[in-house]
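As structure tokens, here come the structures.
Heads up, the next two complexes both have subunit A, just with different partners, subunit B and then subunit C.
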Partner chain A sequence: MELKASMAGSVWKITATHGEAVEEGQDVVILESMKMEIPIIAESSGTIKEMKVAEGDFVNEGDIIAIIE
Partner chain B sequence: MSYLEEFQERVNKIEKGGQAKYHQKNEQHGKLFVRERLKRLFDQDIDIEDAFFANCMDGSLPSDGVVTGIGKINGQSVCVMANDSTVKAGSWGKRTVEKILRIQETAEKLEVPMIYLVDSAGARITDQVEMFPGRRGAGRIFHNQIKLSGRVPQVCLLFGPSAAGGAYIPAFCDIVIMVDGNASMYLGSPRMAEKVIGEKVTLEEMGGANMHCSVSGVGDVLVKSEQEAIEYTQKYLNYFPANFRKKPNVKTPKDSKKLEKRITDLIPENQNAPFNMHDLITHIIDEDSFCEIKKKFAPEIITGLARMQGKSIGIIANQPRMKGGVLFPDSADKAAKFMQLCDAFNIPLLFLVDVPGFMIGTKVERAGIIRHGAKMLAAMSEATVPKISVIVRKAYGAGLYAMAGPGFEPDCCLALPTAQIAVMGPEAAVNAVYANKIQELPEAERPPFIKEKQEEYKENIDIYRLASEMVIDAVIEPEQLREELIKRYSIYDSKNVTFTERKHGVYPV
Partner chain C sequence: MINKIVIANRGEIAARVIRTCKQLNIQAVSIYSEADKDAPYVQMADESYLIGPPRVNESYLNIEKIISVAKECKADAIHPGYGFLSESDIFAEKCESEDIIFIGPKSKVIRQMGSKIAARTMMQQAGVPVVPGTEGAVTSAEEAASIAEAIGYPIMLKASAGGGGIGMQMVHSKEELSKAFENNSKRALNFFGDGSMFIEKKVENARHIEIQVLADHYGNAVHLFERECSIQRRNQKVIEEAPSPFISEKTRKNMGDKAIQAVKTLGYTNAGTIEFLVDEQENFYFLEMNTRIQVEHPITEEITGIDIVEKQIQIANGEALDIKQADLHLNGHAIEARIYAEDPITFFPSPGHIHRFEPPEGEKIRNEITVCNNYDVTPFYDPMIGKLIVHGQTRNEAISLLQTALQEYKIEGIKTNLPMLLSIMKHQAFRSGNTTTNFVETNYLTQLNKK
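Coming up: the complex of A and B.
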């Protein structure tokens, strides 16, 4: 499953790393946008197969942040 | 055969609907027969049914594929039209359309809610001249809906397809409840899309229930089964009066649900950190009284009906947990319709404000965020029901305006001690005002300078300063918020205001 950015912003913190198991509803990445912390939440439980972004990257709405399997 | 026998035979045949194979097909898809749907929807079965014998001279079209009549939900009479998908896939002929028109006109005369149980393939093309273009053709169904809008609640339960022109029935209802997997809406089917524009797409992608309830926003509530759709309808109607002249019924008051965390512990002091606004809502409403609308669409703003001391209220709340609670074109659109719905039926509004403002950037400007935002402001401004705005944390920029800020005549604007009202947040403001100055400073001196200016800025927008200037009407102790709101809504109950005199405004749609 592709985890996508819900809005445009920069990657502030990555809270789950490659190979890590995540639960549905868990924060995977926190963006910074409009001066706000924007948690990007796992929509289903699984393992992070690929992390597509690094801290400091700009992402646009809809960009893929991570692949969860 | 005696008269009575003939009568009974005809009744039995019509009551069964279409051929057995279509009943079986419905069953395979978890779809109920139209008469079973109505039995479950009403307190007791349908009370009055007219044109049961419609098109009975043609033995193959029982009731001409639609049941129309009146029954009670929660003790209140409601008019209903319900497609029978076992009869030519619920398609519309001349008499189908006439039956729908007549029941709508009955709802208008009796001033009772109008419920649409939709499961129809659309027009019978073979009958088009009789049912499509004329004065009593299908177009008039929508004309009637538009006329009924705001006079009586109109609810659509979408159990199957709602195709082509038929897709406008849901569009003109106050709320559309869609059954996942079975319900769909589209102007042209995937087959037509492939033929006419060359697009290859599945029905689910183009017009499925999940898509409409989360992406297009044409659907409001996604449910798993027909039974769930029926129960949601019964619950939803409980918050509404029968028509615009009345107020909603008051139900038995309940205490709010006790949560582990107090409001004070719930709201982070750091304005930029997220929290779950649903927890604050739970704190202030009667237990289990929240009926959320458009949960999956634009979740950065929460809209839903609830009760406080048994009385209906409509809540519009920013959700800092989703997209930072920032307002987008879709969030503005969602809030605008919800406010119109509540205002039309005398349901007071509550705004829970924690908003960094409207989104900026190319994407939203191109999507017309200014006119969508204007639509939200217009709907909020025009609402004449009791309106209370609670500034929970930040209220920046036009976000303050859109959430019933003091300039828009809310009955009061309350603030929690965590409130912060400003054109923009301290970080953005200092950057905007001192950008050149910061650039000129040696790098080492910049952070202390920025910090100092931010502190100055924060003092300037301090909530007690705004209370002193009477920008807000009261600062409320967070744990007292529910009591304060109950007291105020009870007093504002006698509010009687006409917004202004004119034919109608020119809406920034």
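Coming up: the complex of A and C.
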């Protein structure tokens, strides 16, 4: 499953690592947009197969942040 | 003599300062980041300089770069606006050492007011009431109990070394206190390595009311009455009004007098704002001092007829204040609504492309705007895209003017808080002046949940 950015912003913190098991609702990445921190949460439980972004990256709305299986 | 000003800011406040510069026949220079190259304020200036990439550290917070622009264009002064470097004592000091006039107070005063503890101590020395509480750390539950008794419940128990709400609790009674003290002190020790606590009176049903001041370099100071800014979300103001619908004439005078006293004790110069918490009995307590122009300054301009930016420039230019307290009178009622690019329910930001932007127009309507038609709102800066200000003869007239203006406001392409602002204008609690700092939680969000 592709986890997408809900809005444009920069990647402030990555809170889950490659291969890590995440639960539904868990923060995967925290974006910073317009001086606010916005958590991007896992929509379902699974394992992080691929992390597509690094801290400091800029993402647009709809960009893929991670792939969770 | 100030002939040319660099505005070290962006958006609506840069546009606002440029407007006054033009009236005073002063050359206005704007700076902009790559993200702001199409911003309306850039076009308004007499000269504009690209200062770097979008991120604030590389652009609007880049002191070296901004100073070098000021030198390159031979500016006499820098207006810092609000936010960014406006309350940086380092930036002000740099201007002082480079012989560029910083349009604001001296760096030393900015530094003093920037420290919560120093500011509190200085205000007490100036005879300004602060929230009652302990000066030093409290280390035992017994000591805490006797202090709480003297201050009166409810109190806030806070970890001396704390932050982020850890080790913080509101306590209503003596019975609650000993356990609360132990728990929080233990948590504070675990988290911060220091279990000492301090105690502050909890100001219940508080209102946020602030006094605008102006002071020149010759010891003259006036206040421009108060603004009430109790309607906030995420601790940021959303709606402000002047005068306050709550305080009596006696309290207004008393708060103004105390503000002047503070300004004179501090040796404060230029425009500034002293923020207070006001309780239900109209007791007021110093919160903090903002040593710059504020976002909500237009409502004060509307009810006093004073151009605050003009006064800032005159004071910075070494002129004596040409107004006296006795000349100042309240005229009518003004309300400002901040327009944010954000979801009106979750308050999450909503950057994106605005394909239609039509602000309302009218004799009693004033717009201060960051964006325009066909404009990209970027995620790099704060979400405020405009301010809508109305001025009526009475509060009721101002509310109905704002309500109509909000209904006419057209912004398409991104989410904005316009629906929230409109719902507040229609709310009985707002209309009756029942505006405390918990308004959004108590009235707006609960109303949404019912729907």
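FYI, the second predicted complex is superposed on the first by the 69 of 69 C-alpha atoms of A that agree within 3 Å, B and C clash if a C-alpha of one lies under 4 Å from a C-alpha of the other, contacts with A are read in each partner's own complex, and residues count from 1 in each chain.
Please note the rule applied: a residue touches a chain if its C-beta (ideal position, glycine included) is under 8 Å from a C-beta of that chain, and two chains touch if they have at least 3 such contacts.
These numbers come from a predicted model, not from an experiment.
Contacts of A:34 after superposition: both subunit B and subunit C are touched. Of the two partner chains placed by superposition, only subunit C is touched by A:10; subunit B is not. In the superposed model, A:67 makes contact with neither subunit B nor subunit C. Where the contact sets of subunit A with subunit B and with subunit C meet, they give residues 6-8, 33-36, 38, 61. Only residues 272-274, 320-326, 328, 356-357, 359-361, 363, 425, 427-428 of subunit B touch subunit A when the two sit together in their complex. On the side of subunit C, the complex with subunit A involves touching residues 55, 234, 341-342, 348-352, 378-383.
Across the interface of their complex, subunit C is touched by residues 6-10, 32-36, 38, 61 of subunit A.
Looking at the complex, you find that subunit A touches subunit B at residues 6-8, 33-39, 60-61.
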